[in-house]
Amino acid sequence: MTYILKTWDEFKNYQRTCYRNYVYASEGLRCMGSTWSVLAPLKGLGEDVYIIGGEPHAASTAGTFPEESREDISAAESAGLGFHSCSYLKLFVGEIVRDKIAIPDGTIKEGYPKPDLIWTTHLCTQHSKWYQEVSRRLGGIPMYAIDMIGGGNAEKDPKIVKYVCDQIEEGIRWLERVTGREFSDELFIKAARNEIKVLVLWGNICALNRHAPAPLDERRLIALFPPAMVDRTTDQTVRIYEALLKEVRYMVETGESVVPDQRFRIVYFGLAHTYGHPEIARILRDAGAEIVASVYTFGTTGNFRGFVNGNWSWEPLDPAWVDELDLSSRRDAISALAKIVLGWPTWQGVRSYWALEQMARAMVTEYKADGLLLAPSRSCETDFRNGYIAIQRIFKNEIPTVEYDTDQVDVRKMDLPGSQRKTELFVHLMEAHKKRVHDK
Amino acid sequence: MSKEKILAGLDAGHVNTKVIIMRGQEILGYCTVPTGFDVVAAAQTALNDASDNVGISHGELGGIVATGIFRDMTKVPPLNVTSTVPEYVADAKGALFLNKNSRTVIDIGGNIQKAIRYDQNGNLLDVNQNDKCADGLGIFYTTIAKAIGLSEQEMSELALKSTNNLFIAIQCAVSAESEAIDLMCQGRDIADVADAILRFIVERVADMCTSMSLTKEIVVAGGLAKSQALIKHLSSLMKQDVSALDIPEYVGAIGAVISYEGGK
Amino acid sequence: MNEYSSVNKQLDWRRAKVIVAGVDSGAVSSKAVILLDGQPYAFSQVRTRTPKESAFSAINAALAKTHLGLQDIHYIVATGCGRAQVPFTHKTISEIACSAAGAVHIWGPTVRTVLDAGGQSCKVIHCTEKGRVTAFLWNDKCAEGIGRSMEVFADLAKKEVTEIGNIALQSDQFPKISDFCVVYARSEALDLIRSKVPLEQVIAAYHYAMAKRISTLVARLGVKKDFVIIGGLAKNPGIIDWLESILLVSSLAPKPEWDPTLTVTLGAALFADAFYRRQQYNISAPNTAGKP
Amino acid sequence: MMKKGSKAIIEYFRHITENTHEYAKSLQGKGQLLAGYMCTHVPEEILYAAGIIPVRILSSHVSQAMTRSYLHETYCSFSHDCAYQGLQHNYDYLDLLVMSSSCLHMSEAFNVWVRFAGFQQKSFLIPYPHIIQTKPAGGFLVESFGEFKQFIEKFAKKSITDDDLERAIKVYNQNRRLLKRLWEFLRRDNPPITGLEIATVTLASQVMDKQECNQMLEQLIQRLEAEPGKAPSGVRLMLTGGACDDLRIFDLIEHLNYSTNLIFIDSCTAARYFWFEMPEDRPDKLEAIAEGYIGRIPCPAKDNVPGTGEKKRFRFIQQFIEDFKPDGVVFFYQRFCSPQPHDIVALKPILNKLGIPSTELELDTTVPITRFGTQLEALVEIIERVAP
């Protein structure tokens, strides 16, 4: 019996409201940037701060308006952007070139809403160049990019934490200068606690998929993490994720799932391919093969134990720990934020293959996977493109492993025919593997 | 596998549709026709032509097993296909039939490549398929030969005569073609260009193979396997012996026949 | 291999003051144009294996029906990727410059943008009313071979390359396939068979994809009117149609008297004519290292 | 004869670029420790201070099979080629491999060496800011270099004194000044040396013992000063873009069917490698080194002025254009590189304003001579206003 999520609508509404607020805000501050950044500092500027994030916006546009996004991407290329640049980036800039913006409520607004400022990260070699291009095209929007340096175990390296904290502190002074507003530590600290809480809650929700049957599947996970991506600093986000955690716990107790038929449990390393590849998801589902754990949906806005004396653990963090965090000063809040964000699994892999390898290994065992599905994303500059290539050669002899050619949102670079072939094969290999294990 | 019955293996590929007709272990005849975007028509023709040169009628076939990328489309009335089998399964069975000691087959098709590892009974152990940029190597080989005005056979023989190593970009067939053309514009020797073209294909194939472990003996299937130059370069690049199967383009079709009624 | 040549019998080279030729030397084919006092006189097009051979047979084919000899030609300019291989030329000029010169001669001084959509490459060229190039853009590596891919695609579909362009016009409803590179596009087109898409739709889809890819290149440099399209793809109505509707700009219709694939060769001949006259009035030609 | 002299020295440099392994091994023969580096953000001074000769990993330009199952096929050919050097064990003689967290393609090439080419035990990755202009970047870099210094001291089993560092800084500064002087010859109308020759020398300097390199450079410059210039220069072409150790490209540019001169190369295998200096005689040496690297022409992957998002690299490029007066600009970048094309989008309008035409070369392992040749000749024809 397929379980229907009760909290579903709240998630959809929250996401839509955030975008509507940004697009239609008559006064207040419009802030743009990668939501792969610490967001709470923006909230120190007041209650009327509206955020639009590059990756989530590009992703949900691609999901809601496949044809539009195709045109956006080629518009960006016609405007001169590199044919091999990040497709999130091109979709995003393409909207500016076409002077319109699409939002997940299904509407398209003519006239691109200019941001007041850009607050973003730089980690891969494109992250901040993305917004440099945006700023240039919109006539010089002030921007501040924080170098998230990254690397496995970064949150436990005092040198890195200090570096990031100093940048955030400097950034807060910049925010005051550029907006002429006074920065409220009270608002900031409140937002910071929320931000951390949401990340920890999401980690707990994902971790429940270790049960069989896994209560959630990749398609639901992809649909449920945007609120945390779009704006995770509000009381409401905390509320809806607490509600979701409660509901999923209940599902586990009653052994229910959004997809009851789970003959094969798959661990997925790649970007959220279903944005561009619903067909692939269908093939897997028809074969009773479900993605039960995915580094992207788990680790982009979720936190886990991470490295515990040298070994990676997907054990979630205790939400209560967040409430006890001492955030009495600005610096406390900043460093708590820096640590949690640097701890994101999706950042551990960047430039640290060993972390990526360990995460994959841990996920395969902790989630009792029957197969490992890799999907390097052709235009992603981080380990989402390259990291998985070598993983295939490492895991192929241990567990059925298949690698798709795909791309975050550029359907033209996805290999649909190939992925279909490989998916059939994948299921075949997993069956054969199960049989061999059983015969032994 | 049933001894008396005459069986047909139908391999409906991207570019060519191949049919083989067998009685037990004995190969009676075979035939290839271009698929030409009409799988059923191509299959029909191939089956008829093959039957003809074996001297039987389509109706006398005791069973037809289809494989290949378009296998599912052959399950239509006029063809009365008995059953279908995935191409990697068929390849493994077919390769094992043609060479009992083989444990890995590299199938270089018109549009895609596969490396398939199997046990002594032809059961699948692991498979690797090419990246998107490496699609269409077979098509490329046919068309570049045509462009230069050579047959595929001549191209391969020329390559063996090559005296110096030229290189073309190994990204994809498109880059390869334009760089091969570029070399010719520079007035380079065609033998060397032909060799560079074959080495490009081999590099792409060999590279796909290295991310999985291959067990001996390694054999090559697909029309390109008929090129001695390709086999030569493949062996030297992979630092392992690889050999071409006889009638390499029919490996899938043969495997299909052998899989008849689950290969009993 | 196939060979084609023609002569304008109206003209008599014995009366001509200036006899020049342009040779476009490609890898596997070459073309030649002979001008008498600036008037088109003889054309040829040949396919052979090496640039050297094909250049020779091209000029010889052009000369064949004229009783002219190579020595009678005052000045020869070679262009095309094999231009450096042509032994009997006075000067070489890039096909970019020749495209513009030829296009302006054929379509007149209003031409500002030339798209040369050939077998291996696509070049977008901006020029002045005199046919002088002011800017150009060459396709990126992932957009190579679009022209050639049409022949390959036709082969796969068991059709003539001349047919498919018209078939592409028959349907405007079709699934979109990758317009990023011809390899991707072809794989996805082949895969459409599985979803039982009718052939004419597959052909339309393929043409749309290729036109879309070319359109981004044209847009990158920008289209200034008048816009003309030359090279092999100029003969493909499917491509032209989609290009124009994607770019929202129409191109000037091809001139009946000029095969668009001869534009570059004509350009080379025009350069030869100009250089020879300058030589006569010893006006110095552009700086060259004295090669060849 | 003098002229022969400069030619001979240039030949020597060229020989080194063509036989880097032979050269490096000869140093090793003399008991030198060798450290390979894959990115110019590696502080060579620290290695040099410890008596280790830094040798830049260069590619071989033969089409590299078999790397595509280690590195994604859409990574740039330079990273593939460098990864290939490891997998082929061409550099096994190195005592150490050093990388700084720079562009991701090269970082992954480094990872291939570490994971699959046996360098696990003899490699070091220096965490390096991805935006060099932030205030905290300097401090972070000093700490990072500090950790690197400690590692090197353990590795070389000797402590690195401030004097050692100061000596290294001075040797390297000297080398940078000399290379700069060499390139400045090309500001003349009839320089005694060609861009190709200087590019060759510059490439050689990246694998050489800097002391030896300096001596050679001094002799070379001395003789060049005494030599008459070559024929008046033709069309002046400036290159700007990414890593390119393929001298065939520069050779092509100077051997077109028109007379052309290569007058400047802004790339991490040319100007970006040496067009900066470290402050000398500073009490804190690591601080001096960090300041030097932060002040250099930014790599497009690390270039972003906080607050405005300005690209500082553009200021340098505009300065070079002013000083070297190119008639045309050639953008070149590795196929699949992302940062470079991003910059080109924004640079083109600047060039258009200056009325300088340009073209783009998309580099790969192989060089399509006729295609690039045609692009470049067409560029020259634009500059020369060639028309019938």
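The chains carry the letters A, B, C and D, assigned in the order they are written, with residues numbered from 1 in each.
Quick note on the criterion: a contact is a pair of C-beta atoms (placed from the backbone, for glycine too) under 8 Å apart; a residue touches a chain by one contact, two chains touch by 3 or more.
This one's a predicted model, so the numbers in the text were calculated from it and none came from an experiment.
**Student:** Where the contacts of chain A and chain B overlap, which chains show up?
**Tutor:** C, D
**Student:** Using the touch rule from the top, work out which pair, C-D or B-C, shares more C-beta pairs.
**Tutor:** Output for the comparison: B-C.
**Student:** From the C-alpha centre of chain C to that of chain D, how far is it in Å?
**Tutor:** 39
**Student:** For chain A versus chain D, what separation do you get between their C-alpha means, in angstrom?
**Tutor:** About 36 Å separates the centre of chain A from that of chain D.
**Student:** As a quick test, compute the distance in whole Å between the mean CA positions of chain A and chain C.
**Tutor:** Their C-alpha centroids are separated by 48 Å.
**Student:** Which chain C residues reach two or more other chains?
**Tutor:** In chain C, 81-82, 84, 121, 140-142, 184, 187, 190 touch at least two other chains.
**Student:** What positions in chain B touch 2 or more of the other chains?
**Tutor:** 69, 131-133, 135, 169, 171, 175, 178, 182, 185-186, 210-211, in rising order.
**Student:** Give the residues of chain A touching no fewer than two other chains, as numbers and ranges.
**Tutor:** 79-80, 83-84, 389, 392-393, 413, 415, 418
**Student:** Thinking of each chain as a vertex joined to the chains it touches, would you call that graph a line, ring, star, complete, or other?
**Tutor:** Drawn as a graph, the chains make a fully connected set, so complete.
**Student:** Which of the residues in chain D end up touching chain A in this complex?
**Tutor:** 68-72, 74-75, 101, 103-104, 107-108, 111-112, 114-116, 125, 127, 129-131, 134-137, 139-140, 143-144, 147, 300-301, 304, 306-309, 311, 335-342, 344-346, 348
**Student:** Using the touch definition up top, name the residues of chain B that touch chain D in the complex.
**Tutor:** Listed in rising order, the residues are 131, 133-134, 165, 167-171, 175, 178-179, 182, 185-186, 199-200, 202-204, 206-208, 210-211, 237.
**Student:** Provide the residue numbers of chain D that touch chain B in the complex, in ascending order.
**Tutor:** Contacts found on chain D: 62-69, 73-74, 77, 335, 364-366, 368-371.
**Student:** Quick check on the complex: what are the chain C residues that touch chain B?
**Tutor:** Listed in rising order, the residues are 1, 25-28, 47-52, 80-82, 84-85, 120-121, 141-142, 144-145, 148-149, 151-152, 155-158, 181-184, 186-187, 190, 193-194, 196, 199, 202.
**Student:** Tell me, which parts of chain A touch chain D in their complex?
**Tutor:** Of all residues in chain A, those touching chain D are 79-86, 118, 122-126, 128-129, 131-133, 135-136, 140-149, 151, 159-160, 162-163, 166-167, 170-171, 174, 178, 350-351, 353, 376, 378-379, 381-382, 385-386, 389-390, 392-393.
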